[in-house]
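Paired with chain B in one complex and with chain C in the other, chain A is shared by the two complexes that follow.
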Partner chain A sequence: MANHTPLSVPSEEHDKAVILCPAGRVDGTNVAILQGAVRERLDAGQTTVVFDLVDLNYISSAGLRVFLMAARDLQRHGGKALFCGLSEQIMQVFEITGFDKILSVHGTRDEALGAI
Partner chain B sequence: MSARILVVDDEEDLELLVRQRFRRRIRKGEFEFVFAHNGKEALAQLEEYSDIRLVLSDINMPVMDGLTLLSQLKSDNSDVCAVIVSAYGDMANIRTAMNRGAFDFVTKPIDFNDLQLTIDKTLRHIEMLQEALASRDRLTALKQELVVASQVQTAVLPAALPVTEQFDVHASMTPAREIGGDFYDFFSVDDDHMGLVIADVSDKGIPAALFTMVSRALLKAAARNHASPAHCLHEVNELVSQENDACMFVTLFYAVLDLRDGRLVYSNGGHNPPRLVRAGEVQEVPATGDIALGVALDHDFHDAELPLHIGDTLFLYTDGITEACNAAEEEYGEQRLDDLLHELCDVGAADTVEAVVNAVEEFAGGVAQFDDMTCMALRLNSTRSG
Partner chain C sequence: MPTNDVDIRLHPELTAALTALAEAVEEFADRQCLGDSVPFNLNLVLDELITNSISYGLPGIDAPLLRLRLSRTGDTVEAQVEDNGPAFDPFEEAPKPDTDQALDDRPIGGLGVFLVKQFTDDSFYERDGEINRITMRMKLET
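What follows is the complex of A and B.
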């Protein structure tokens, strides 16, 4: 068992939001990386974050927890977290756990940006 | 070996009742009881008898209440296990007690059979804890604590699942290398109904193990107050969602089986859909459109109904089964699981569980897994109505 499964979190600036694109797998071994990326943005005063999940292959419940924490944190600071680009598999995880009802989920990145 | 047990309750009659109900165990020298009528007296008894390892305590008492006693135990007598004895429906206090480290609870009016089972289970747990602590060496201290925590996790699972003529039920949990938060439970709700639970707590480690224990206890208490699984999930969700800054959550499937006619009523709080194996066909148990517990307050959960037929098997699992990986990083997956269940339509619950666990282990080929693997099967053999 590897210590960390591969995960990178490249970001893009947009006039209305910052876009984070976690790529790879998010599970219990590497959630800290995702958490760190979100925290960095919050500390820099960014309150609106779009998570574009097109490059996300897998997410465990520990990963979902980080999304939930990010959404709560941003909301507390008057901001918002939006999610888009979910593959069928990731969408299934969102639907089973009911996270599609709790989080702001959109189809494409443009749709997410349009919803801000 | 005699176990000295401290009973703390302001009802004077309880002493007589306990001595009477447990007279055989006392005569055999298995139990020795000492009594106190409030938290303060309890602490004095603990001072007096240093070999007390188990405390049964009421919550509402004069001078010092049970919750304060628990906090004191935690700081001064950390090797003492507490079981709370509290009134029906006293959920808020039970939750606080579990959060302060109570090991289990029983409700009043006391069912002495249940109390005896709980005492025996807790004493077994204490024994394990002591063995683990005794063998702990300084270098592996942290590792040992994790082992103890995972033993706690295993200790809360029902020790023996019942086999009756009407149904058989079997379950298995293979913990991952780290302590996870899977659990299952099976209990009698009343004479005509059995409750069935499978759940998976997000995250790992000791906080997840504690969250697991709290969720399990709250559900068991809610099950006695509400016939509807949806109402139970609603109650547990309200309690675990409050002040949940860690954003921990639990996916939980809870079903109640009516033993008279095989009718199953269930509510699914964000858990993987169980499978119904009926006459060679494998189908998903339809979702109830609900969410994981701990995520959002004020969610209205829904019940759904599934009449079980004689010969049907209900198979419940956590995603550690379908997401088990082999060396090539392929997942076991739902398709393999469904194909296997299809072949298992004529076997009993124990064989079903064993076959799935073996198949997943064979598939993984010895690769250490990230997640607990838990599954449970229930097979209906007959109903009371025929």
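What follows is the complex of A and C.
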């Protein structure tokens, strides 16, 4: 049984940021869900977003592009995107694409919140 | 001789194709005891190529063909994707991202094919009659 769980993007409000926790798989079929969740926060004027990826078990370049655009949009509005909870495989994807150098990547959610 | 081959036709619709891909890779990886990272990487590179075929190559083709093959010979996994879209060599024509660029300068495109090159030990394109064929090989760590 392939782990083709649908994507959900639960969120948590924190005093310094909103935390988005995409859960499942992100690929070209459902990337609009992730994009919509991010867009909703940007449109609401949120400038700091923590992406906690602890429940994300797969991402393709379609999802990476959403992260890149979100980080860029937030930076342009004086805010920041932070990432944490990456699995070994997703960390490898970030390293190979250089995302680990241009994005703010942290181990745990507490570490990400501490870096705001 | 390669063992436990996968050779399937994928329905050229993104959700159906990527679901069938994930199932095929997982079953193949289970049979071959490939661990965690090889199936993830294999799924990723095949996802990128299949998504490109369905999004750009196959629309407008009367009888679209999309085929996936997986096999293992010794410590090498070989994967092939074939489609009958117009001739297109993604390795020649895709932009190559500069991974040292700053956030603001980083182009949005070109990541998929770059991931294919990075996650495989060998990958090449060939045109065989009306067929685009991409072959990729990944060495297993022993």
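By our rule, the second predicted complex is superposed on the first by the 111 of 116 C-alpha atoms of A that agree within 3 Å, B and C clash if a C-alpha of one lies under 4 Å from a C-alpha of the other, contacts with A are read in each partner's own complex, and residues count from 1 in each chain.
Operating definition for what follows: a residue touches a chain if its C-beta (ideal position, glycine included) is under 8 Å from a C-beta of that chain, and two chains touch if they have at least 3 such contacts.
What you see is a predicted model, and the numbers here were worked out from it, not measured in a lab.
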Residue contacts with chain A in the superposition, chain B compared against chain C: C
Contacts of A:Q75 with chain B and chain C, given as first, second, both or neither: second
Contacts of A:R65 with chain B and chain C, given as first, second, both or neither: both
First, second, both or neither for A:E88, with chain B first and chain C second: second
Touching partner for A:H14 - first (chain B), second (chain C), both, neither: neither
Contacts on chain A seen with chain B and repeated with chain C across the two complexes: 1, 27-29, 60-62, 64-65, 68-69, 72, 96-98, 101-102
Interfacial residue positions of chain A with respect to chain B in the complex: 1, 27-29, 60-62, 64-65, 68-69, 72, 96-99, 101-102
Residue ranges of chain A in contact with chain C within the complex: 1-4, 25, 27-29, 58, 60-62, 64-65, 68-69, 71-72, 75, 88-89, 92-93, 96-98, 101-103
Contacting residues of chain B [partner chain A, same complex]: 177-178, 200-204, 247-249, 251, 269-273, 287, 289-292, 295-296, 319, 323, 367-371
Chain A partner contacts - residues on chain C that touch it in the complex: 14-15, 18-19, 22-23, 25-27, 36-37, 40-41, 43-44, 47-48, 51, 55, 97, 99-104, 106, 108-109, 111-112, 114-115, 118-119
